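All chains are identified by letter, namely A, B, C and D, in their written order; residue positions are counted from 1 within each chain.
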């Protein structure tokens, strides 16, 4: 059984998705348990796979039994393994946490909803483990297509936001496909390792660097890197809360992973840094992304929309870190994939809980929330502290690595942007905390009315939220272990010098 | 491959593409789009990609056009550009 | 927007054009694309899978994993359209009936005639009289189209075609029925429930065949090991495995095409079509 | 100039796909009508398919179905007789992806029309602004 983990990881949610979709027309009640089983199996197998990778080193899996350049192969090292666990476990937690919201919002189409939910997980997980460039495109489209449909389920402007996302996403996907086509015409192969071994002879060819640019732009659109981010705020704001807490933490992070994978394993570091000389412009772009994301977040009046802009500025952290071109920066970027996924899911789950109770997320509606939902708000504050980067939480450590890397690389602009965005985050979160803590008190005093009753979110929604926010602190405490066991092995030797 | 035929199809492909995006009626756009797909399919058949041509003929020129007309039927034919 | 669009487009086009200079000339037999990976497919496909159509062999066997997700993508589209458009509860609306003998049209506001009767038939709001020729022609054509579709699926090993194309044609035959008669006639042949079940069954067959290979101790989608259950040698087992997979693809694609058409053409009501 | 013309002739397929891609991309960015954008998107996708199919082409080669029969038996396959089949496989997948995206996008367009009664982007945005 051990050797089949990479395949089982994909098959179990995939088969369950089809079962759920069929069962929706036979017995509706069974849909949700099946979805939990599928997602749970996926999480379980990915944890086992990571354990396997840590024990025996890189795992290869040949699908259909064909060896690599001819068939499709999986390639799982500790970087994949880590992202894999993050994706599958967080998706599972979110599935449990948002059960009530989904049941209330789409009572008749629950089956179809969970089918797409599982297929979205399949798409992301597949993208992470695959070692084939074209397979990655197909899985990218699975994940995108499901996310278009899921986002469009929201209220008000959701269909329009989703259609815009569809246009942008298709452009991104097509650009990536073009890049792969250019690589294929120059090398004749689609397997990542094979392409990497063929490329050094033709580094000077203009087609190769154009291929790289197109892959980068394609991936950049999908991860909402700064000038290409326009689809993100609307899409994530208007999506139903169960969907935004699934897609916001996972999709963009997986795309960052894909970018790092392309940089490290397809185009080697020699090419990305020595031949292309793109490092400086990319770091400057991410500096701009961080500053713009943070400043735009300040201007928002809706909680979810504010988080969306925070996500955009965090994308800047990761891209910038990866392009700093030294070990500390790359470590910070990879560590931040893990941390940011956790922070974002905590924020969005908290927002989902608030929305479930007060049916709105405008900042002025949050008054008195600390008294009504103390535990949810406690988790919210933990996540906020982590986004700001306060020591015991995990956000601090990745920021530390990023700043160290930036100082080593001499990118003082990037350091300044990191500090600036931390400051802005302080303002953002303390503004929310002020409104929700003191806002209600003044209100109560003014009218002399009794304090509002405690209406904490139901336990099924609260427990997952508590788990992820405890995770924020735990991951922070074990950062050293994570870096030495998971991240150090994948940092290329050329960077360690 | 007969290059005259090739050239004629290539020219027509570009023309139908430009026509499809500039015509001011969505139903005409649907038909032009079907024609574009069909010409594309011919082009691929010439390049010996029979499976791709077959798929494009059944999907691009066939079912896609039907979907397109169905959607136009439930929305509007009007377009300003 | 127009100027910005033009600039972006010219920039992209210029970049792509610039890169073409390093391409091998068009149709060169010694380009890397034709010499690195693909020769092995052409040389070995016949002896390894017993499928002369190399495209089918690669599609369903060498890169069968891609094709599984291709089918999943189309399945997603079907489910997505259903999820976005389908409306279950609807207000009673105006309905039109036609007395078959006298051809008198009844317009019932906000309801329907009490019971099913043989004398009245329900017609669409935008019903046009006398489409007898179209109706009869299409009714005659549909079985032949379906036969051809089955041929395309079954003969995909030896000629262009396969599950996907066959499935689309099969779906198109039902769509033709829905266009030439009306949507209710087509839905009476394949109900929404059956259609949605078929959609899931098709991909399930595909992924299931792969999973059976895992159970038999081989890699996922390694059809060679199906020889144990199919009682043929490994090469023929691959050929049969490919065929099974193609059937799965065909079923899903057919069901999805019908489902997307029904939802788009009736804006989710599944009542009156084009 | 003298070496430009042979280059044009040798690679005209690649040039053509770039022209089509530019048309599609321009329509996606600059057109105002949502359905027109969709058509542009489809032209964009087909142009990429054209590019891939052109990669697989070999001059003088036939369709990638191996000639076989009772009396030919198994013999070495002459590679120059068959075009490269791999891009065809990839593009079958790409066509399917494009039709799926098209279907979902049309469903979204219908939903948008039901809500705003128009498909022009600027009219929709104008309708959203007062709120």
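The rule is short, and it goes like this: contacts are C-beta pairs under 8 Å (C-beta built on N, C-alpha and C of every residue); 3 or more make two chains touch, one makes a residue touch a chain.
All values reported here derive from a predicted model rather than from experimental measurement.
A.B. asks: Tell me which has more C-beta contacts between its two chains, B-C or A-D.
C.D. replies: Answer by contact count: A-D.
A.B. asks: Provide the C-alpha centroid distance between chain B and chain C, rounded to the nearest whole angstrom.
C.D. replies: That gives a centre separation of 19 Å.
A.B. asks: Roughly how far is chain A from chain B, going centre to centre by Cα mean, in whole Å?
C.D. replies: The mean C-alpha positions of chain A and chain B differ by 38 Å.
A.B. asks: What's the distance between the Cα centroids of chain A and chain D, rounded to whole Å?
C.D. replies: 30
A.B. asks: Using Cα averages as centroids, what's the distance between chain B and chain D in whole Å?
C.D. replies: 11
A.B. asks: Where in chain D do residues touch two or more of the other chains?
C.D. replies: Where chain D meets two or more other chains at a single residue, that happens at 12, 19, 25-26, 54-57, 61, 63-65, 86-88, 90, 92-93, 96-97, 99-101, 103-104, 106-111.
A.B. asks: Which residue numbers or ranges of chain B touch two or more of the other chains?
C.D. replies: 50-51, 55, 59, 63, 67, 70-71, 74
A.B. asks: Multi-chain contacts in chain C: which residues touch at least two other chains?
C.D. replies: Residues 16, 20-21, 23, 31, 33-34, 37-38, 41, 53, 55, 59, 63, 66, 70, 73, 76-77, 80, 84, 160, 164, 260, 264, 267 of chain C touch two or more partner chains.
A.B. asks: Okay, what are all the chain pairs that touch?
C.D. replies: Contact pairs between chains: A-C, A-D, B-C, B-D, C-D.
A.B. asks: For the complex, which residues does chain D have touching chain C?
C.D. replies: 7, 10-15, 18-19, 21-22, 25-26, 29-30, 54-59, 61, 63-68, 74, 76-77, 79-80, 82, 84-90, 92-93, 96-97, 99-101, 103-104, 106-108, 110-111, 114
A.B. asks: Residue numbers of chain C touching chain B in their complex, please.
C.D. replies: Interface residues on chain C, with respect to chain B: 53, 55-56, 59, 160-162, 164-165, 168-169, 171-172, 175, 179, 257, 260-261, 264-265, 267, 273-274.
A.B. asks: Taking the touch rule as given, give the residues of chain B at its contact with chain D in the complex, in rising order.
C.D. replies: Residues 10, 13-14, 17-18, 20-21, 26, 29, 33, 36-37, 40, 43-44, 47-52, 55-56, 59-60, 63-64, 67-68, 70-72, 74-76, 78-81.
A.B. asks: Which residues of chain A touch chain C in the complex?
C.D. replies: Its residues touching chain C are 4, 7-8, 11, 14-15, 18-19, 21-22, 24-26, 61-66, 69-72, 108-109, 112-113, 115-116, 119, 122, 126, 132, 134-135, 138-139, 141-142, 145-146, 148-149, 152-153, 159, 178, 182, 184-190, 198, 205-207, 210-211, 213-214.
A.B. asks: Enumerate the contact residues on chain D facing chain A in the complex.
C.D. replies: Contact set of chain D toward chain A: 25, 28, 34, 37, 41, 44-45, 48, 51-52, 55, 86-87, 90, 93-94, 97, 100-101, 104-105, 108-109, 111-112, 115-116, 124, 128.
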